[in-house]
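Take a look at the structures listed below.
Two complexes are shown next, each including chain A; its partner changes from chain B in the first to chain C in the second.
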Partner chain A sequence: MHYAFHFNVVWDHWRDLAEGAWLTIELSAIAMTIGLVLATVCAYGKAAGPSAIRWAIATYVEIIRNTPFLVQIFIIYFSLPALGISVGANEAAIAAMVVNFGAYGTEILRAGIESIPHGQIDAAKAIGLSRLQTFRHVVLFPAVKTIFPALASQFILLMLASSVVSAISAVELTAATNSLVSTTFRPFEFYFVATGLYLMMALAFRAALGGVFWMVFMRGQQV
Partner chain B sequence: MSRTFGLSEFLFIVAAVRWTLLLSLVAFVGGGVVGLVIAIMRTTSSRFVRLLTGGYIQLFQGTPVLMQLFLFYYGLSVLFDMQVDAWPAVALAFTLYSGAFLGEIWRGSIQAIPRTQWEASACLSLGYFEQLRFVILPQAMRISIPPTVGFLVQLIKGTSIAAIIGFVELTRAGQLMVNVTFKPMIIYPIVAALYFAVCWPLSLVARNMERRIDADLGVKRHF
Partner chain C sequence: MRICLKHLGMVVAAVASVVLTAHTASAESTLDKILSAKKIRVAIDVANPPFGILDKSGQPDGSDVAVARQIAKDLGAEIEFVQVPSTGRIPALLAGRADVTIASISVTTDRAKAVMYCNPNGALSITIFAPQSVKIKTPADLVGKRIGITRATLEEATVPKMAPEGTKIVWFDDLASTVQALLSGQVDAAAMTAFAEKTVADANPAKQLENKLLVTTAFYGPIVRPGDFELRQWINTWIFINSRNGTLATIYKKYTGIDLPPLPTI
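Here is the complex of A and B:
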């Protein structure tokens, strides 16, 4: 191996990498927020909706969970415009991530909802809470507490999967790296550093989500 | 002038399913070997070995597969100044990737076996590898099958990413046909349907096995 490493080339372009990394964070955070709302609505529909809605949600979840993310992106970005629905690269990326996270999130939340004992729901009914109030205070809150680790892992998977949206010219970290590689001809250095950045972002997100968990569910509770 | 999307184009895409399956098989078998070694090393008493394998898992689970693919395909070729073919690069990247995930799944399965099983087999004066081979692994295998099949689905979907570096499998075949026929709204849904046809039965099998094992272990599910 007689390769001369030139990591200073990477340092020269740190601004492009930082911008890419920031867009990755942005896309992931937006997609997670909207996706979480979608997942909550779907989980509620699946637990309490009429059978037609339950069936529709189950179909959505199964289709998304059994097809590749890349193909989902292609359908949103390349197939939909053929039907007259035109979307920009970033919007398509967010839409694909939302739809994807929504399906996995629905399944994770469903597992959490199933963990709530039925007596608790009856008790909520007995003290006069409405269906929605029951869902919010008695079912959702403790359910999310139970499945928070799974949700956090799924979010990190989403962040990592977002590298795939580089295939449709959304200039997040992977696409930024690709274009730097094609101008500097330093693939190893750039991919190595970008991989390191992803690893750091994954660790940082895990820590941040751990903080969120503590703030929402643990603070003020007696141990 | 573009081609029309006819039977031969359709068959080209269907035929590409075999490359997706072959790549998944190679990565699954290779990853199975790596994963078994990792899982066993993760459960040893040596702190150093556990740290080392933990780092490996963190590295491959905390970074995007696409980045790993780029590093193996573009990075290695400049590093060792040689032409790296798509097949070995992709196969190696997906093998190491699935090794990390299978290792983590199987570590969980091994650790789910009660300590007393180890102690009892030690009392029968079985050596460490005999304990593993005759007592622990046969039991761990049973609980590990559903998540392993679940990961296989994830792997099959994940191999679609190889399309980005030009490896011809199902997704790439779809892309190629889109390039010559300009029919993304027909082709990408067909590609998605083919993945679904492969993945959905596996998902159902995994879920059924999980239910059966849960039933044996007395885990209750409300739905």
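Here is the complex of A and C:
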């Protein structure tokens, strides 16, 4: 078998690829932000909430972490209209990514929270900090610092998993690539380029998250 | 992660096949290999009723599958099905994962730039399909409506060209998703083969789905890799024999319920 590569076809369609890559970045960034808020709320609820809330959060986390992402996306996209809620593909994709990241993020944050020595929390109570103040300053901040690498990896996984949302017609990078493959019949050229773009975006996200880590946790600290 | 893995697999297969087989191009033909190994690998799409489906026991069935089985039998070869989504029908062949794709691939000049068509072994119509309540009488009525189509299908090649500006075309990766989007109301109408529409309409009588517009009628045939002339010639001979002895017409009628129109040759 011989296959002649024609990479000039890719350049003819760079606009479609760039638009797809940009939507991947947008979906990922929005889902990361909202997902982190959701994970933080759930981690707090799991650490300090009443037992009914703890039980509800544990159920949510286990259901999401033990079912395929693709199935979660299909359920959100195809079942919401039946409930009378009209959502577009992009909104459904973000909702699915937030719900998915929220569950993994909750568990990652929980691990960080459990790494905080109990004496530190007792000390915070002793100096009169409220429960929320204790959580924010004494628990969450050092916990996030400890688990930041795991959190960053989960962010990258979320960005890569966004390729699945092409299944519900969101035109992100994988969808754009699939469309171009099916209209130009140059699969290898486009899949190679898409692979390169995903790699570049993952490295860029990693660098940006490293920058956030330095800004929030390292700057101004003398070791 | 199904799709990620699929794509990773394709890339790995692509790299492997380009690297491993680049210098064996002039060795024995694909037909020779099939005959000596007594095995033929056929790419099929089992999410495309009535051409490719899974029967109640999970085995491949449908008119494409019946044709593939008969071809393998007449080659004296064991058949190995390579199940692909509609988007994978050409890539699987080009990556060397299959010797031939028999998945009702309608003949277009664009596809013929990438693969070689054998003579047509069937025909299909593409129409716009929607619930009775959706008003579509002419192409102009498509403006402002969301029309679901499946990637890498004849509908993708024809619907965007006939739809006027202002039509919102929504792409899905496989027919099952397109159908689900229509049934759940995520799209107002969908384009697919008339046969697929019949299957969907029969399964969902409450939705009152009906044909709205004819988009095109086309012939489809098996495809082989560029340069596989021996295999193409053998399949064309098979199609010639079996269109004359009635085998193709019998298979077509059994699965589609209509008579096979006279088949032209390429």
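FYI, the second predicted complex is superposed on the first by the 222 of 223 C-alpha atoms of A that agree within 3 Å, B and C clash if a C-alpha of one lies under 4 Å from a C-alpha of the other, contacts with A are read in each partner's own complex, and residues count from 1 in each chain.
In this text, contacts are C-beta pairs under 8 Å (C-beta built on N, C-alpha and C of every residue); 3 or more make two chains touch, one makes a residue touch a chain.
For clarity, every value in this text was computed on a predicted model and none was experimentally measured.
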Could you check whether chain B and chain C clash or fit when both are placed on chain A? clash
Under the stated touch criterion, which partner chain does A:I57 make contact with: chain B (first), chain C (second), both, or neither? neither
If we overlay the two complexes on their shared chain A, which of chain B and chain C does A:C42 touch? Say first, second, both or neither. neither
When the two structures are overlaid on chain A, which partner does A:I75 contact: first (chain B), second (chain C), both, or neither? first
Which partner does A:L203 reach: the first (chain B), the second (chain C), both, or neither? first
Based on the superposed arrangement, let me know which partner A:A89 touches: chain B (first), chain C (second), both, or neither? second
After superposition on the shared chain, which partner residues are touched by A:H118: those of chain B (first), chain C (second), both, or neither? first
Please work out whether A:T174 is in contact with chain B alone, chain C alone, both, or neither, and reply first, second, both or neither. both
Touching A:S166, do we find chain B (first), chain C (second), both, or neither? both
Name the contact category of A:T183: first (chain B only), second (chain C only), both, or neither. second
Can you tell me which of the listed chain B stretches (20-28, 74-82 or 146-154) runs into chain C once everything is aligned on A? 74-82
Across the two complexes, find the residues of chain A that touch chain B and also touch chain C. 1-3, 68-70, 74, 78-79, 82, 160-161, 163-164, 166-167, 174, 178, 181, 186-188, 191-192, 194-195
Which of the residues in chain A end up touching chain B in this complex? 1-3, 62-63, 65-72, 74-75, 78-80, 82-83, 110, 114, 118, 156, 160-164, 166-167, 174, 177-178, 181, 186-188, 191-192, 194-195, 198-199, 202-203
Touch list for chain B against partner chain A, complex: 58-59, 62-68, 70-71, 74-81, 153, 157-158, 160-161, 163-164, 171, 174-175, 178, 183-185, 188-189, 191-192, 195-196, 199-200, 203, 221-223
Could you list, by residue number, the parts of chain A that touch chain C in their complex? 1-3, 68-70, 74, 77-79, 81-82, 89, 160-161, 163-164, 166-169, 171, 174-175, 178-179, 181-183, 185-188, 191-192, 194-195
Show which residues of chain C lie in contact with chain A when the two form their complex. 1-4, 7, 10-11, 14, 17-18, 21-22, 25, 87, 90-91, 94-96, 110-111, 113-115, 148, 151-152, 156-157, 170-173, 177, 180-181, 184-186, 225, 227
